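By letter and in written order, the chains are A, B, C, D and E; residue numbering begins at 1 in each of them.
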Amino acid sequence: MSNKRPILSVENLTKVFGGVVAVDNVSFTVEEGEIFAVIGPNGAGKSTLFNMITGVLPSSSGNIYFQEKRLNRKKPYQIAQMGITRTFQNLEVFDNMTVIENVMTGAHITMKTNILTAGLRLPSVRNEEVKTMERAMEALEAVGISDLAYEIADRLPYGSQRLLEIARAAISNPKLILLDEPMAGLNSEESRQLVEVILKMREQGMTFLFVEHDMETVMSISDSIVVIDNGVKIGEGTPEEIYQNPQVVAAYLGDEEEEGVEAYA
Amino acid sequence: MLKVTDLHTHHGYLHVLNGINFELSEGELLAIVGSNGAGKSTLLGTLAGVYRPSSGSIEYKGKDITKQNVQKMVSSGICLVPERRQIFSSLSVKDNLMLGAYHRYRRDHKKVHDEYEEVLELFPRLKTMLNRPGGLLSGGEQQMLAIGRGLMANPKVLMLDEPSLGLAPLIVKDIMQILRKLCDERGATIILVEQNVKAALKVADRGCVLAHGQIVISGTSQELLNDPKVQEAYFGKMEAAKV
Amino acid sequence: MKKVFLSLFVLMTMLFLAACNSDNASETKETSTEPAKEDSATTEPSGDGEPIKIVGIFSSSGGAAALGEPELETIKMLVEEKNAAGGINGQQIELITYDDKSDQNQAILAMKKALTQDEATVVIGGTISGNALAMLPLAEQYETPYISLAASKQVYVDESGNARKWVFKMPQDDQLAVERILQYLKDKNLTKVAWLNVANSYGTGGHDEFKKYAPEYGIEAVIEDEFEATVNDAKPLLTRVKKENPDAIIVWGTVQESAVVIKNIRELALEAPILASHGIATEQFIEVAGDAANDVILPTGKLLVANSLEDSNPQKDVLVSYSKQYTDKYNKPASTFGTYAADGFNIAVKAIESKGTDRAAIRDFIENELGEYIGVTGIFNITPDNHMGLAPDSFEMVRIQNGEWVLEK
Amino acid sequence: MELLSQMMQLLFSGLTLGAIYALIAVGFVVIYNVTGILNFAQGEFAMLGALTCISLVNNNVPLWLAIILSIVIVAAIGGIFERTALHTARKSSVTTLIIITIGVSIVLRGAAILIWGTQVQTLPPFTDNTPITILDAVLLPQNIWAVGISIVILILMMYFFNYTFVGKSLTACVVNPFAARLMGINPEKMSLFAVIVSAGVGALAGTVIAPISGATYDMGMMLGIKAFVAAVIGGLTNAPAAIAGAFLIGILEAFTEGLWSSGLKDVVTFTFLLLILFVKPEGLFAKASGKRV
Amino acid sequence: MNSKSLKLIYNNSILGPIILFAVLFCIPLVSSSNYLFSILTMIGFYALVCIGLTTLTGYAGQISLGHAAFYGIGAYSSAVLTSTYGLNPWIAIIIGALISAVVALIVGIPTFKLKGYYLALATLGFGIIVYTLFKEFSSITGGSNGFFGIPPISLFGYEFITDKSYFYLIWVFVFFAILFTRNIIHSRIGRGLRSIEGSEIAADAVGVNLMNYKLQIFVLSAIFASVSGSLLAHYVSFINPDLFVANTSIFFLIMVIMGGKGNIWGSIVGAAMYVLLDEILKHYVPLLLPNVGGQFEIVFFGILLVLTLIYMPDGLVPRFEKLMSKFKKKTPTNGALQSTISVNATGGDNK
């Protein structure tokens, strides 16, 4: 933590959907190696923010920089190739593949096989496959579901699918992993397991940016938090600072006398 | 009026509702609060017949209605005003309201028109924009329209999913008062799902907190408002809220 | 339910295998006409067991069904008649027919089956040129006489202009019809004409002949274009024709599209005489085109005007009796397409009568020994160089008048 | 002057063609909007309508009654088709649904051969068909019927969707199926209704075209494809736009054929389609709205 | 261990194809019916197209109603290059495949931005355009009259003339096509493709360049179709545009969907079903209903098609596999066997 270097900076990011401002002039910076949380009530614009960072949605204005490279207008797969991977709020595992194939797909960008060499199955292809499979197995072991490696992903319990998504996101050695509500739908045992995995990966130098509603998790593992309500950033700081921020409390508990909660029409 | 016993609902592999029990009497306003993903919307969806429960029962006026589909639910008087309003954006305000009475329009043509006037009395703002397409209304107006449309179904039980979502506090207050009025003056039974805990509990008779598909706290709204655990539940410092 | 369907498909595979194995056994039941079976019982003592196998491949469904159906019916009728009369030299004829659904791939498969599975003595069929052309290499390969009922000249003439060894063709060449039309135009001194053909092999085939022979007759095309077989409205095309103001308009197509185009010509009040191809020479055309059919002039086989022919015409008897036989049996007017099948069958019978079932001998007989054969379609003079053997006079020019076919002089 | 009359002639032809495409295209749009399925058997409704009507007329039913009866009969067939095929398979993938509707069109075409054979049949024109000459260009009353009927249908459709309760319920189903369900609107009923209506309109198209070009069992396919093209070019979700697209295609075809080459007519039409799809896939006349794309 | 478990996931032994071909190539020992071989040859031609198409439809999730165009481009390239320009058939096949590949690339780039019905219509339109061009450029293609006298193919002095020789030839091609495609599917590329089907958004997020893969597979399937068309041209020696109408494309897709899209075996079963069903109907419908023409067969075919898809929307082969695995699971087995079954069931052979 000593020499903090920014890895992702979001500057004045705005997204307008047909006249409705979903994300309004939001800025923040994620430092290398930290766990960074974005929180806010339902409909606050967190997912929109995520989608802009990963290139799923184009931003209306503002900039996103990843390791000093501008991400705007990059396609999602290009952003992935630069070293940002993600998980999804409503699980997006490749349900037509086995677990290990899912993870191997995650290693896609680290492989070189092309359609011709693949079709002819050259020795180099075979080599690469074996290596990738070994790495995938390691990644599965790291999240603790290696015993399910040959199951069809679709048949996994919900919690394991989440872990699978994380293994898939991690295998390509990304610099930043975005987690979209990783705890949603997990029971406490599963949540704990997931938290452990995240903490372990962070120790290995991975940076996490995540959106979460489960405040317990957020408060216990994040280094920094940004709070968004109705598309506007209403707070930023360490968990303690956030907990004491009256604006944030208001946003969650809905105190109608409170100022600063912009209305939307 | 409405009795829910050990209700379970699955979304694929996800066990969303994990044994819900509650009873509701006529004219009561029940607020259900809880964090995102707790299963509130699924609960309302299950009650409205949108989702099939995997086990458990729903009794309405002593009759088992667990397996009814949406159309039957609406006809028997249970109506859901969905999250994010879901109005018919290209249809006019009037058409939106009229479609609310779809299931009885042909039978009670005249009565529907009378009630249409009544509903408009409840939402005077809508009166001025009857021919405007629903999509051009402001968020608050759309919410009123959605509630009005729900009322046109002439429901005995009205369910609202996060009516305050994305609305300014003043408008939220308005809407909450209207809901209260509905209960008091028309004897409607209302289930209100809200994230805006304070606003909801202020108007509700009773409230319950939903977490991980189960009701973890319930009581009168006053009790809940004063319960420090409710506030804590939102910030996750309370292990009790977790299973 | 799902299991039921699955088992259905397993069953199907087995059915197919059964179909394959039992081919020879069940084919008789399946395709030969019913009387043939009965007769084989009655005539059994007289002949040796092996019937003579003739295979017919027609487009009795699909796009060309209107052509293929009378062919199939004619050949069924004639086989029945022949078998009832004791067959050929005491041997029964076994007729096996296939429907190629007007599809080229189906035609190939049927031809394969005919030559290899059924081991046909003679194959008759190929209703449309595309199918006949796809079938004939097989006839050459398996050295089986093949009598084609499709019109294209390419059917019996190969790329280098020589006759294909095993293929004979019954219908007149398009060339003959085109020449007949050109002769007519020349006689009437209509030299500047518009040529319109349907955009398929029939249409372009006619067009090629026209381009080739028009200069010989001193006819000049002021506009040449084509229309779709599915045409709904040809007026856009006809506006261009109108601008050129031709002496006559030739519409080369089959029934439906020609009817639409000719109706449109009348609607646009184009005064030029309309000449059409022999492809519309059916009652149906008059029905579909209605009043617009009046005064359309076309070349046709003699069948339509059989009764108006002079008694001295050598074909008259054959024509009248064929026409009567067909109408009596099927209760509908005979069609020109049926005459092709009739001639094909009769020629094959003649050959088998004199040479037995030896394929090469049959071929040689048709090529060298048949001589002048008076058929329903025309008078055939088949030679080693000409495996069709008809002349332009097998066509008559006919004018449609009030729904009747009238000989045009 | 001659050029002008030629242009007029081409315009008349284009409008007639467009009118017929429009009637079938409207059916596509209605079914697509309500069910999300593109019905590749749509053209067959026109074929069935035309041939049924001809059979009735041949059995001495008066023309007007024959038209109405054939619309009713084809609408009923449409209803059966929806219940048996579309409804049972509605959850399948787009590809499977395409093949199912194609399969149905194969069945209908085959059945038509069985009933009517492969021969061309004609229907007398609706009224006396003496050509009218405008600026040296010829216009037939039947063509006026075609254009007129399609305009009337367009107006009826607009009235239906915008001013009747059932129409509005259908629109509601399109705009927001989820909310419509919550209002107790039964989407299955609506889907049945939509297919019945578009089958009826398709049948009408068939009876309109039968006096112009005759009717055969295989007329449906190309009509269907062209109408489909028209609907997509106009904007698949919007009936008036689809009708505009249909007239555009009709006119484009007529002018290509009249001024250039009839053989390359289809090339021009489909190239135009591809261009539209690549450049403006939501259709030329579609309003940017939150509807399905 | 690793190489063994790699096998388990990918089950990439060539046992399946080898058994199929062993069985197929044994047929000549049992039967010498040329009719049978012509049927099997036809199935081979269709199967080769379908293998490409099934990869496109099942794995890349793209529909194509225009594959007859590539089939035609292959056929006409071979026809023109060998007859008109006297090239060696094998060179003609390669040139045809290259032309198809380039056309596929040019058409594919804008087309695959479209989805669902729009994609279907765009490819249908492409097919119709190509068909019309075959008809209109009659100076090269012979127009509607068709193209005659395509010479038979030959290899090391051996001329392929008989049905049996083409039967061997086409099925050797099918064999290698199966191997090639399977290798692709069980590789990085295949996972990329299948990820598109599994979840397009997640595929994007792991860096799979969707467009690029869709295009590559489209080009591959175009090449397969083209080669099949070329071989067909040499086999039948006469082609005309009507072989390559929109209907042909539709029937290719029907074969793929009937067999089970995204399943190589499905494409072969689909092609076989299509051809066999036709022959069966031709044989049995007249037995059931004497004195009716081929149209009854069409109706039967249509009804069977619709019913199959309604009750087995995934197609025959996946349904069969499901049934088989259910059957296997029902039989009591010891744990070890159980686990191999589940590995097999999840293994790549069928995917």
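One rule holds for everything that comes next: contacts are C-beta pairs under 8 Å (C-beta built on N, C-alpha and C of every residue); 3 or more make two chains touch, one makes a residue touch a chain.
For clarity, every value in this text was computed on a predicted model and none was experimentally measured.
Novice: Which number of steps is the smallest that gets you from subunit A over to subunit E via touching chains?
Specialist: Minimum number of steps from subunit A to subunit E: 1.
Novice: Tell me which chains count as touching both subunit A and subunit C.
Specialist: Both subunit A and subunit C are touched by E, going by the contact rule given at the top.
Novice: Which one of the chains is farthest from subunit E, going by Cα centres?
Specialist: Max centre-to-centre separation from subunit E belongs to B.
Novice: Using mean CA coordinates as chain centres, what's the gap between subunit C and subunit D in Å?
Specialist: Going by mean C-alpha positions, subunit C sits 36 Å from subunit D.
Novice: Indicate the whole-number Å distance between the mean C-alpha point of subunit A and the mean C-alpha point of subunit D.
Specialist: 49
Novice: Report, in whole Å, the distance between the mean C-alpha point of subunit B and the mean C-alpha point of subunit D.
Specialist: 43
Novice: Return the distance between the CA-based centres of subunit B and subunit C, expressed in whole Å.
Specialist: Once rounded, the distance between the two centres reads 76 Å.
Novice: Give the residues of subunit C that touch two or more other chains, as numbers and ranges in rising order.
Specialist: 61-62, 65, 199, in rising order.
Novice: Which residues belonging to subunit E are in contact with no fewer than two other chains?
Specialist: 135, 295, 298
Novice: Identify all positions of subunit A at which a residue touches two or more other chains, and write them in rising order.
Specialist: As it turns out, subunit A has no residue touching two or more other chains.
Novice: What pairs of chains are touching here?
Specialist: Once each pair is checked, the touching ones are A-B, A-E, B-D, C-D, C-E, D-E.
Novice: What part of subunit B is in contact with subunit D in the complex they form?
Specialist: 48, 50, 70-71, 74-75, 79-80, 82, 86-91, 95, 98-100, 102-103, 105-106, 135, 149, 153
Novice: Can you tell me which positions in subunit D touch subunit B when the two form their complex?
Specialist: Of all residues in subunit D, those touching subunit B are 165, 168-169, 171-172, 175-176, 178-186, 289-290.
Novice: Applying the document's contact rule, which stretches of subunit A touch subunit E when the two form their complex?
Specialist: For subunit A paired with subunit E, touching residues are 54-56, 75-77, 80-81, 85-86, 88, 92-98, 100-101, 104-106, 108-109, 111, 113-115, 118-121, 125, 128-130, 132-134, 150-152, 165, 168-169, 172.
Novice: Under the touch definition given earlier, write down the residues of subunit E that touch subunit A in their complex.
Specialist: Of all residues in subunit E, those touching subunit A are 2-3, 5-6, 8-10, 180-181, 183-184, 187-192, 194-195, 197-199, 201-210, 216-217, 220, 342-343, 346-348, 351.
Novice: Can you list the subunit E residues touching subunit D in their complex?
Specialist: Those residues of subunit E that touch subunit D are 57, 63, 65, 110-111, 113-114, 116-118, 120-122, 124-126, 128-129, 132-133, 135-136, 246, 250, 253-254, 257, 261, 292, 295-296, 298-299, 301-303, 305-306, 309-310, 313.
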